[in-house]
Amino acid sequence: MMIEAKNINFYYGNFHALKGINIAIPANTVTALIGPSGCGKSTFLRLFNRMNDTIENAKLTGECLVNGQNIYDKTVQVDALRKNVGMVFQKPNPFPKSIYENVAYGLKVNGVSDKKYIAERVEQSLVAAALWDEVKDKLHQSAFALSGGQQQRLCIARALAISPSVLLMDEPASALDPISTSKIEELIHGLKEKYTIVIVTHNMQQAARVSDKTGFFMYGELIEYSDTKKMFLNPENIQTQNYITGRFG
Amino acid sequence: MKILERLLEGMFKMSSAITSIVILLIIIFLFKEGFGLFRSPVVEKGYGLYINSKNPVTDLNPTQIKQIFDGEIENWNEIGGKDESIYLLRFDEIFSIYSDEELGENYQFLPQKLNNIISENSNIIAFFPKKFMPEISSPTKEIANKNIGIPDFIYGKEWLPTTTPSPLFGIIPLVLGTLLVSFLAILIALPFGLGVAIYLSEIANNKVRGMIRPAIELLAGIPSVVYGFFGLVIIVPIVQKMGNISAGETAFTGSLILAIMALPTIISISEDALRNTPLALRESSYALGATQWQTIYKVVIPFASSGISAAIILGIGRAIGETMAVLMVTGNGAVIPHSIFESVRTIPATIAAELGEAPMGGTHYQALFLLGCVLFLFTLVLSIISEIISNKQTSKSA
Amino acid sequence: MKHTELEIQELKIQVKQMWNLVIAQLSKTKIALLENNTALALEVISQEKRVNAYELKIESDCENYIALYSPVAVDLRLALSLIKVSNTLERIGDFAEGIARHTISQECKTIDVKIIEDLGIEKMIDIVLEMLLDGYIAFETENTKLTEKIMSLDIQVDELYKNGFYILAEYIKENPLETMCALRLIIILRKVERIGDHCNNIIEDIVFYVDAEVLKHNNKTSLK
Amino acid sequence: MFSKNIQQKIAFHIFRLLSFSILGVLVWILGFIIYNGIQVINWEFITAFPKEGMTEGGIFPAIIGTIYLVIGSMMFAVPLGIMSAIYISEYASNQKWVKFIRIMTNNLASIPSIVFGLFGMALFVHTFGFGDSILAGSLTLGILIIPLVIRTTEEALKAVPESYRLGSIALGATKFQTIKNVVFPIAFPNIMTGIILSVGRVSGETAPILFTVAAYFLPKLPQSIFDQAMALPYHLYVIATSGTDIEASKPIAYGTAFVLISIVLIINLLAGWIRRYFEKQNPK
């Protein structure tokens, strides 16, 4: 198992945001987390590269394991963890630097100085993010010159450059138009050969299209977690059924 | 790596504490120097006021002393004594009464001669250095030299910091002058500023806005001494001619200049406040058939009212604290103003004009620091009020 | 190629394989019947299970495809018609198997070969095979210009079937002893005629898929 | 009563008039100073010492003095201001502490400049014993503009979208790396604009330097930071109000005012130019 959560409870102050979550995500799969707004799916996702650390009054119990190691262990270095667990955000957030600098950023802040190696990694990452052909002639132009969809793929390339083994995606296509969305989905599909991907999405069709496994969250609980095909054809739980058929609420 | 990060964070934290430390230092230094005034005697240090011991008067307040020495009080009965006219004896007058030989080479006979004079004249009041009055013997009595009191400062109607024997440090004329000039300035600037703010935020198109905004920024950037110079050379003669008065350096002139100087503050803050009115509010007003102007004064201005009040208060604060321009155009007469076409003197102008001449550590110096404290407190209160008001505004928009 | 397209392609390939299998089944049945080849007939019967398996597989794949990819427009029509086409193909497979079972039963070996020729069974099976193949081509090329041809072939099959009735009635009058076998022949004729009808249904589904037109229960002559 | 549409028309016309009269006031002030000043300005005026009791000659020492003061105060205020702003907006997690500092900074900003003059005189001139000197003046001016630097820097940092920080942190960058490589470079143009505007402020301030550095007349340039210096705004003040011969030194006053105004104009243009330049570099 690449990612495991064991009896996770998470609190924002007095608010019990995640309630006893257990999940085991195998390597090289795409797992989609779905559920209504405020159900805790994003919170859960962000636990795995400790992006919730900065929140005040937050409290976590239970174990989060990545590659068998508890990432909240005191010996774990947060920056090293984040290098291994990449993240892509809802809105494309390229830095106001050139395309090249954006992809190279993660390498540089992690102490890589070999120019040749950086150049190689930049190309590989852009190829992997299916962006290379579109940008190879304008690597030194501002990243803002790219379209929204291209920017998001650039952000994926940026995350890939530091060779993570896990890629967390927080609604990576929700700010994009349908064409860009489908390109990102294609990309996710192709990336699972090398990476373990967890994606939070509001869009159930997207979850169905891209994922192998799906977890359904509601009110901070993991209601159901199973193969995507099964989830969408014959969900076990009546709440899941109501949600995915749109009868929820 | 980790240590470096910590180190840097510590450094950042330290520098962020600097402002607080500075404020603390300002308070300490201003108040330390300023309150020294209340530990200083009414009569200049080293000097004393002496009267005949038969005189029932035992103490005089600074105003009475000043009036006696100005000849405004001529009879002891006006200040609770016997019905005798007052005989003033200043230090230098002794030399016209006695020749240098009589006083001795080193003035060694001076104390004795003084004693003689005082005992001979029961209506005398003499102002002399203490060293020439070595002993207070029977015919002579020193008027109790109390410390300058807080009421003397706060309720004093006269600011005469250099008169002898006892300077007067009454801040009322200065406070009134400051307030008069500032409020008048805001009165002029407010309709103007509000109108411009409304025009910029609600009516003007981008091109006009792009023209007026930089102009306002420029107006804010012009140094106050240049405003002062402009006022001195242009506004003062105009006011003089218009008001048909002998000198154009008046409270009104100062207010005009201050109004121009306060405009950028008022405009930019109220424009922000107006602009922050949610679109939904405006649209719902339009949807009910209101015109744009009705929407502005029935919806937008009430919504932005606390922001506008904050702008006004900040404008007043700016005007109260303004030094150079006011110093140059108000004429600096330290009297309680009776009309706006009279010369006035504000607190900051007083400090600027007089600190250079006040001997360090003297009562005048301390009094000027005390004025600084007053100014500090004024602006502190105003800035706290505007803070509270603008907090109200933000909580409304949230 | 996008992975949604890959899914569609995969579906289509399966349907085509099933189609080929059914065509092969029918051809073998024809030979087994005409040449009285029991071994071949047995082969057809055993292969029928594969046809059924194809149907189940295609059906569940279509369900998954609809559930996961929420197809719309042409993709939705494809998924819907593929479910129906696979059902129909399975039915055709059943008929072929039925004919093959008749061959095995061997009860009517004595029947005159000539009557089979007179009935034109071979021709009928050839026609339905052609229909099946044309349907396949139409599906493969996503082209509906063969529709009219297939429908007219179906009319031919119907004609032959009606004719066969009279021929067999004559035959029974002349050879009352062979009545039993003649009735069996009627059943075979009936099955071939049903295959023709099913081929007709298939082309209707394909027209629905390609042109989004519904031909079912329309007056067939009104076509174009 | 007018109909509501006519009311609107009247009101809007009044506002438009008011707004354009602001332009008028500006043109008046600038025009007056530039028109009179430009007749005085020449090479000698800028490079010569004052002569004949300030009625002739130039303002060279005042220009140099102002430059020294600007440099001195910036060296003090810019690093401190930027670092505190970074702490307030990027590090400080304790809200009470931030609130406290912010209140202090706001109050510091609202203190009148003359009070800074008093404070500078008491602390730097007397307590620290720097005497009337460039050092004392620079420190006083520095303290005066720290709030401005803090506020503009803080606003510039706040304008950097949170997503950049998250993006950087998610790539394993530390907080300082994120600030150094992402946040600060993006905020830099705005910070720069703030600094330039505070240069304008410093070069025009008179009250704080009255008692901490400014000299009426010096026959030579300051030799060290412990020397007194002349300064443009103070120079304008003295020759306009208390020169030996006010009428005779009026041209000098116009010239000095012209130089001061030019500094302000240049600084405003520069700030606007920097803003636009970087906006073009990084659209969005």
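List of remarks:
Order of writing sets the labels: A, B, C and D. Residues in every chain begin at 1.
Following the convention adopted for this analysis, a contact is a pair of C-beta atoms (placed from the backbone, for glycine too) under 8 Å apart; a residue touches a chain by one contact, two chains touch by 3 or more.
As the structure is a computational prediction, the values presented were derived from the model and not from experiment.
Of all chains in the assembly, none touches subunit B and also subunit D. Of all the chains, the one whose CA centre sits at the greatest distance from that of subunit D is C.
Centroids of subunit A and subunit D (each the mean of its C-alpha atoms) stand 47 Å apart.
With centres defined as mean CA coordinates, subunit C is found 108 Å away from subunit B. Chain geometry summary: the mean Cα position of subunit C and that of subunit D are 92 Å apart.
Measuring from the averaged C-alpha position of subunit A to that of subunit B gives a distance of 63 Å. Multi-chain contact residues, meaning those touching two or more other chains, occur in subunit D at positions 174. Viewed as a network of touching protein chains, the structure reduces to a simple linear path. All chain pairs that touch, listed by label, are A-C, A-D, B-D.
The touching residues of subunit B, counted against subunit D in their complex, run 1, 4-5, 8-9, 11-20, 22-23, 25-26, 29-30, 33, 191-192, 195-196, 198-200, 203-204, 208, 211-212, 214-219, 221-230, 232-234, 260, 263, 267, 291-294, 296, 314, 317, 320-324, 327-328, 348, 351-352, 355-356, 360, 368-369, 372, 375-376, 379-380, 382-384, 387. Taken in their complex, subunit D has these residues touching subunit A: 93, 161, 163-164, 166-174, 177-178, 181-182, 185-186, 281-284. Here subunit A touches subunit D in the complex through residues 49, 51, 56, 79-83, 86-87, 89, 91, 93-97, 105-106, 108-110, 142, 144, 155, 158-159, 162, going by the rule given at the top.
By the touch rule above, subunit C contacts subunit A in their complex via residues 2-4, 63-64, 67-70.
The part of subunit D that touches subunit B in the complex is made up of residues 4-5, 7-8, 11-12, 14-16, 18-23, 25-26, 29-30, 32-33, 79-81, 83-88, 90-92, 100-101, 103-119, 121-123, 126-127, 143, 146-147, 150, 174-176, 197, 200-201, 203-207, 210-211, 233-234, 236-237, 240-241, 250, 253, 257, 260-261, 264-265, 267-268, 272.
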